[in-house]
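Let me begin by handing over the structure; questions about it come next.
For reference, chains read A, B, C, D, E and F in written order, and residue numbers begin at 1 within each chain.
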Amino acid sequence: MSARLAEMTTLEATRAAEDGTIVVLPVGAFEQHGAALPMATDQIRAEALADAVAEALPGRVIIGPGVPVGVSPHHQAFAGTVSLRPALFAAVVREYVESLAAHGWRRFLVITGHGGNNSTLGTIAQDLLRDRPDIEFAWAPVTALAKDAVAEMELSAISGHSGEAETSQMLHVAPDLVRHDLLAPGTTTPDELDPFARLARSVSHPAVAVAYDRLSPTGVLGDPRRASAEHGRAIYAEATDRLVAFIKEWLDT
Amino acid sequence: MSARLAEMTTLEATRAAEDGTIVVLPVGAFEQHGAALPMATDQIRAEALADAVAEALPGRVIIGPGVPVGVSPHHQAFAGTVSLRPALFAAVVREYVESLAAHGWRRFLVITGHGGNNSTLGTIAQDLLRDRPDIEFAWAPVTALAKDAVAEMELSAISGHSGEAETSQMLHVAPDLVRHDLLAPGTTTPDELDPFARLARSVSHPAVAVAYDRLSPTGVLGDPRRASAEHGRAIYAEATDRLVAFIKEWLDT
Amino acid sequence: MSARLAEMTTLEATRAAEDGTIVVLPVGAFEQHGAALPMATDQIRAEALADAVAEALPGRVIIGPGVPVGVSPHHQAFAGTVSLRPALFAAVVREYVESLAAHGWRRFLVITGHGGNNSTLGTIAQDLLRDRPDIEFAWAPVTALAKDAVAEMELSAISGHSGEAETSQMLHVAPDLVRHDLLAPGTTTPDELDPFARLARSVSHPAVAVAYDRLSPTGVLGDPRRASAEHGRAIYAEATDRLVAFIKEWLDT
Amino acid sequence: MSARLAEMTTLEATRAAEDGTIVVLPVGAFEQHGAALPMATDQIRAEALADAVAEALPGRVIIGPGVPVGVSPHHQAFAGTVSLRPALFAAVVREYVESLAAHGWRRFLVITGHGGNNSTLGTIAQDLLRDRPDIEFAWAPVTALAKDAVAEMELSAISGHSGEAETSQMLHVAPDLVRHDLLAPGTTTPDELDPFARLARSVSHPAVAVAYDRLSPTGVLGDPRRASAEHGRAIYAEATDRLVAFIKEWLDT
Amino acid sequence: MSARLAEMTTLEATRAAEDGTIVVLPVGAFEQHGAALPMATDQIRAEALADAVAEALPGRVIIGPGVPVGVSPHHQAFAGTVSLRPALFAAVVREYVESLAAHGWRRFLVITGHGGNNSTLGTIAQDLLRDRPDIEFAWAPVTALAKDAVAEMELSAISGHSGEAETSQMLHVAPDLVRHDLLAPGTTTPDELDPFARLARSVSHPAVAVAYDRLSPTGVLGDPRRASAEHGRAIYAEATDRLVAFIKEWLDT
Amino acid sequence: MSARLAEMTTLEATRAAEDGTIVVLPVGAFEQHGAALPMATDQIRAEALADAVAEALPGRVIIGPGVPVGVSPHHQAFAGTVSLRPALFAAVVREYVESLAAHGWRRFLVITGHGGNNSTLGTIAQDLLRDRPDIEFAWAPVTALAKDAVAEMELSAISGHSGEAETSQMLHVAPDLVRHDLLAPGTTTPDELDPFARLARSVSHPAVAVAYDRLSPTGVLGDPRRASAEHGRAIYAEATDRLVAFIKEWLDT
């Protein structure tokens, strides 16, 4: 049987809730990813990780409904981007959690393919802490779970959105959606950034929010030509291992 | 190229917006559909119709992001159901529309697989009328677009949710997700309803909101054993034709 | 004693709540009704029906506070129109219901003189279903309760707002507020509509929200010169009968 | 022609807006008024004053839609009371003002029959000052406009809600709705108050919010047997004069 | 030990809550006060009074967190003014009260240095009455507590914001923050007001909200050169006495 | 002249805005800090850093109003803690920014003494990016700006809230508010945490929100006896240097 609640019947859902499963919620973004990657890149990456984790832990987790659109105001200048305000994204995730808690689930893990959702996820956790102390809520961005695999890649001085690591993931999980012939370097060195955008990228500095069109005219940070499906596989392997270990430990508490 | 914006790059999105395409937004529900159909039934049905329309009108429509969870408080008693409040569902659709309008799109058609979203869609249209008179917004529930095909089916006296017509659609568009051996009649006659629920089903009466557990212990209205993929195909053919005609007329205004 | 709670004292209210009465809430609109009918047309029509029902069912229903302004963004282009956003209208009705539920009432029937409130009423019912399962909530638009009487009238091809049926009702319940000399045909045939507005009026099509100034330069659909007090009386008789039957059935559940 | 916008047609409304009329909005409450006065007492009193002012200033003011339910949480313990939260009441009045401003009106005077709306009216004025500096907004509670007439009455030591002055007004404007035989003294001296309620009534003290059931078991402050239609007439005469003078001065600025 | 909760540890807070202390919340504004007084004038004045009251009632009151920014849209034209909307200011105070109520406190007294917060404080009290009947909530503006001391001063015909009484208070509690050489008369007579602003200052009239730049080009009402530290001391002595008496009476109920 | 806007007059504010100064907003928390530190610890630390920065950059920055209460639901179990919801805290900061932007300021730096505000600050930045692209917004938590100085301290295995680094800061900036005799170790090793809390502290794991009473019975992480004013001075020196460098670079863009 699928681990996706979307594909379950209500009778199957009843049993899954009784089994004390952990609910994994894959959330993404609907935003520009340069000339070669599709809008849904972040959602696809989050769902692929959710699937991998569910496969590794049969009967211990279910995959709940996803949120296909995330918090992406910094990409709004690029056509196709759709964005929810932080408060709205938070309300959607909160309703998912409340609805599922009404059926008996108490543990939720959000996997976000989009780092721009992190702050909002933090605020959701804080509100749950106040209103629903009976619920345990965790969240993780995909790439951050695979630090070692990413460290082994040869990254540009500036690398990130639609760059080496992200493109590698897509080459692994959704190669058909990558426009291989359009992979091209975006901003790869600090001196290509405009002065304020450079400020945002300085180490140990305050955080600064900057629209992506100030970071890169093509919406790409790094050189995606260096990406490979193999790197992508390594990233997924590490991220999956880490989440599996985390969930096992959680189930034991 | 896919008509799904989710699979497009930002450059492709730019072109699609310039071409004056109509945006189709498939929205569904994440709710119980009895013992034989999955939670995502309504979303699957809406997306299948969006795909059919896009295929029939290449280059004239794009499919925007979906909303996988709808307004389903009446199904909350059944495990697995996830529901957004009307105001939250409205805010999500509104943000989709506003984000896409910022890129140049002005015409939006929501296809809803879930009738429970209708009222909320009506309120979204009213708010847009006030705030964004430059936007044209239309919406339609799947099954209502195929009255003739449904009329040709032999329906139970009580028929609806997860019944003959809906199951037929799933047998046509997602047969692998139907538990064929678990298809069983739900409430099929008025006298099986509790008195208040019966009130809600009377013709020419005021509208009454009733939780589905008062309508049917299994969450099914009608006898899905009478469903067939063929009926489903006829429903989709009619609904597609009707939407295609509508969109062509719209593009001509 | 009046059936209007507005005219009752608190002691009388206590008794009415103890008697298990049903609360009728008449809601309307404050919007243009062409050259001959007043802004309050919808509220007046709703209250007249509430009165008729209360008279027919002495001691079984009370009439609660009305909402004199409804959801009318489509009429905003015409001077005098006042409109509440759907979410605001919903909040007002909800507060009425919650306040009265605190005194013991559990059954509420909203009579709306304005079809533009229907979607919002639907969302109120859904929110109540979730938050207040102890409350029963029904709603009905006036004219839809009198299909037979309307069918007996000779309507224009296009007929509706401020047209034959609505003007007839006003001639019956508030003849002094009708400017008889200013009754004049508005839009009566589809070819007078602008193309997009015509789209909105097509049968079996998706729903489309259109501002009334695109439907008719005078804000009238149909030919109110064909209206008569007699038709109005027939409409009220039928609508009253239907509501009385509904309420009796409800009280028996 | 009526000065009530509710009774006007859209053509008449157009002319009234062009004439630079001031809009009077009568707002009230829907709350207990002891054993002898009806729920709608405050709305009735506000509308009567609006009518008197409109009659004295033909063609200079119009009466906009009323708000029949006000901010009455302090009366919620008494059956029949319906209350809006301050933020909701504010939103309703704000929407009235915004809708009418769209038609050209710029000057609004709220007459409130209910002192419990005063704070909320103050916050509306502050929000308008920020968002709509083009709008002029004034508000006044009925009884406060007739200090001299009230001073001439022989009031109890404790007098207020449903007491001498308010009952007099009702005897003047709506005598048929007064249960004359049920007029009875409520709380008339400080020592009948509970200690905390007494605190609320002390002069020069901080303000304290207290539920009315702590002030009086019957919901009455003062001795309404001392009321008379004549006093009511004097109160209305003074309040009308004061408002007329105010509006004339306003129209001259 | 300090009576300021801000300076207490959590253990000390536990004891203070157990002792049934009353919580004093000093709230102010962050707004222009003419050429001679600082933005924080109202907050400074409120805190000084809170301190005086706490000193007079050791162990009976604690001082909770302040709100340094109030509701000041009428001063927004003057540089430096920061303002919260009424609904936002209300939400902040409400959260303070709810947070502290969770630790056991039930009695709250807000001292506001800014009259512009009064309406909002009234609405907070009303919402608490509805939602938290277990909480007692009182509020008072500083200067209104010292009517006698103010009456003894020689005020200009127009006197108020940054005028004789307020400047005197600052000369008493924060003389170092007063620019003595810049004290200069602002608007001191009605004929200096613009016509609409004059309307707002008329006795027995409706209330009217007016931006301060229509009242005075320098943002000052009255002649602050007549202010003295001695007057300030008298105002504080009277206000303190009144609050102390009030609190003692309250603690006895 | 003080760099604090709170102490400026409106004329001084006008000049400061014209000078293109950067606005520093010090925000904190009002929460338990164990047996030895006061509720206002985080606000005091943020303001001290703001003062140091302003002193180092005379005429280049002003200090705007602070937010004395932050997002602290995880400390709510400890008496004295007052907390704002994330959405409310965000709204307050947003209003500060909008009010000051109306006077001409465009650059804002929030210094937060409380890490629990970080997520919310991130969401504020995202909303500003969308609504106010003309504004530049940066934010930084105090201790994170002094990584080197903290690294030189001998920290416990578990160290954080009210621990070595934070207590050192208080010993430097507000030694009179530290209860030196009550400094005592809290949780210092992972095995003192409950299992779920331990999960939250694991490296490279998903983030998990945990109430502080599950982390430490006294609300302290680390051993504050190892704190010293000298360490505090080093932390402030480093943090100040870093912010000063950042602001200079910013002013040059």
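In this section, a residue touches a chain if its C-beta (ideal position, glycine included) is under 8 Å from a C-beta of that chain, and two chains touch if they have at least 3 such contacts.
Chain by chain, the UniProt names read as follows: A, B, C, D, E, F = Creatinine amidohydrolase.
The structure presented is a predicted model; accordingly, all values stated were derived computationally and were not measured.
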- line: If one overlooks chain A (Creatinine amidohydrolase), the chains that stay joined by touching are one piece
- line: Contact steps required, at the very least, to link chain A (Creatinine amidohydrolase) with chain E (Creatinine amidohydrolase) come to 2
- request: Return the chain whose centre of C-alpha atoms lies at maximal distance from the corresponding centre of chain C (Creatinine amidohydrolase).
  value: F
Query: What is the distance in Å between the mean C-alpha positions of chain C (Creatinine amidohydrolase) and chain E (Creatinine amidohydrolase)?
result: 48
Message: Between chain B (Creatinine amidohydrolase) and chain E (Creatinine amidohydrolase), what distance separates the C-alpha centroids? Give it in angstrom.
response: 56
- prompt: In chain B (Creatinine amidohydrolase), which residues are in touch with two or more of the other chains?
  reply: 76, 83, 85
- request: Have a look at which chains touch which and call the overall pattern line, ring, star, complete or other.
  value: ring
- request: Just walk me round the ring: chain A (Creatinine amidohydrolase), then chain F (Creatinine amidohydrolase), then whatever comes after, in order.
  value: A, F, E, D, C, B
Statement: Seen from chain B (Creatinine amidohydrolase), its contact residues with chain A (Creatinine amidohydrolase) in the complex are 5-14, 17, 30, 32-40, 43, 64-66, 68-69, 76, 78-85, 88, 91-92, 95-96, 99-100, 102-104, 177, 179, 182, 219
Residue ranges of chain D (Creatinine amidohydrolase) in contact with chain E (Creatinine amidohydrolase) within the complex: 71, 73-74, 76, 83, 85-87, 90, 109, 116, 118-123, 125-130, 133, 136-140, 144-145, 147, 194-196, 199, 202, 204-211, 242-243, 246, 249-250, 252-253
